[in-house]
Amino acid sequence: MPIVRVEIAKGVASAEQKKAVIRRMTDVLVEELGRNPEYIFVVIDEVDTDNWGRKGQSLTELWQERQARTDGEA
Amino acid sequence: MPIVRVEIAKGVASAEQKKAVIRRMTDVLVEELGRNPEYIFVVIDEVDTDNWGRKGQSLTELWQERQARTDGEA
Amino acid sequence: MPIVRVEIAKGVASAEQKKAVIRRMTDVLVEELGRNPEYIFVVIDEVDTDNWGRKGQSLTELWQERQARTDGEA
Amino acid sequence: MPIVRVEIAKGVASAEQKKAVIRRMTDVLVEELGRNPEYIFVVIDEVDTDNWGRKGQSLTELWQERQARTDGEA
Amino acid sequence: MPIVRVEIAKGVASAEQKKAVIRRMTDVLVEELGRNPEYIFVVIDEVDTDNWGRKGQSLTELWQERQARTDGEA
Amino acid sequence: MPIVRVEIAKGVASAEQKKAVIRRMTDVLVEELGRNPEYIFVVIDEVDTDNWGRKGQSLTELWQERQARTDGEA
């Protein structure tokens, strides 16, 4: 009866993509561990980019900097 | 100082029902484990039915199928 | 298909007490929200008292201080 | 590659305050544990006060009572 | 920078199987969402069967009952 | 009443270091958000390096490869 929890940034996945993630994560646990899909839960948590940090900065900031670098190179 | 986290599908609980869940989950830990309610936290997380999967499908899909079967029987 | 996660300090619950917590937490969601128990999961996480802090101190420290106060009063 | 998850009540932190929390939590793990900030994640989860309970009551209720006591003293 | 958390019962996965789960869960997020694997974390949490409940009973109990039924049929 | 959860690899923090993490994570929430330390919880989860993956490999593998590269350079 596994539980899978997936945290992704808000906006990176469409409804169709989320369906694919749910289906394929379930398949992994069926195929690799022989678990019964009836009791496999997958929960997707979409996190606002203001609320997600890496190396001390929010994703909002990190993505703006990356965008600025890309624009500068153009 | 226990922490209880409850994940439910969005829309299945009213504000009054959530209050009842908080009160009764707290009571369980006081009565069964003798914990001090002053430091018992209960956090309810309401998950969008597009973001919750079971047996490889989203709750949105599972509930639509169930509804279709019920309608078909009518 | 709710998921309940209960974090308690290691050592505060016997196997019998954990069974009671699982049973009663499930009952709360059946009785208050009308959920189907077939798909209600309860996961108990027992946390080492060195790894749990409140007001900036570990539970190990907090419980030693409380014990010391009690002994001092004896 | 640590992950920090911070749950706070919705409304207690501005965007600037969340940036400061992300930056300083990251610093703690760099300075105390020597972790590489490149792989330190901080996720902030802002919980509705209806969905957060302590001592059997929602934060919404607890804060209304506290407000009422303060007003009564005025 | 997604985070995947997988909760399974203790004892259902070998070290090799856990490697396969980590590899394939990562692939799902790369292939379906275009995420950078450099920042995809997968954490596996192996839960004691006494600490995991479904329909109000611990996995330990549920698996003993299933075993007893299977033995009875032999 | 914030909750902080810190996931780190098993073995990277001594008991003293964990105390420091608990104390300083609490300070961040007191100083930046004005929260009451009485109700700030910090939970540290030490994850086995076999159970933690990044870019599709377990930490056990990643650290062995890094060690092999360092040895090769000696």
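So that you can tell them apart, the chains are marked A, B, C, D, E and F in the order they are listed, and the count of residues begins at 1 in each.
Throughout what follows, contacts are C-beta pairs under 8 Å (C-beta built on N, C-alpha and C of every residue); 3 or more make two chains touch, one makes a residue touch a chain.
Computed from a predicted model, the values in this text were never measured in an experiment.
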Between C-F and A-C, the pair with more C-beta contacts: C-F
Copies subunit C and subunit E - rotation angle from C-alpha fit, nearest 5 degrees: 120
Subunit E and subunit F: spacing of chain centres that average the CA atoms, whole Å: 22
Whole-Å separation of chain centres (CA-atom averages), subunit B against subunit E: 21
Rounded Å distance, subunit D centre to subunit E centre (Cα mean): 30
Residues of subunit D whose C-beta touches two or more other chains: 1, 3, 7, 25, 39, 41, 43, 52, 54
Chain pairs that touch, as defined at the top of this document: A-B, A-C, A-D, A-E, B-C, B-D, B-F, C-E, C-F, D-E, D-F, E-F
In the complex with subunit A, residue positions of subunit C that touch it: 1, 3, 39, 41, 43
Of subunit D, residues touching subunit A in the complex: 15, 18-19, 22-23, 25-27, 37-46
Subunit D partner contacts - residues on subunit A that touch it in the complex: 7, 47, 50-58, 61
Parts of subunit E lying in touch with subunit A, wherever the complex brings them together: 1-9, 12-13, 17, 20-21, 24-25, 28-29, 32-35, 39, 52, 54, 59
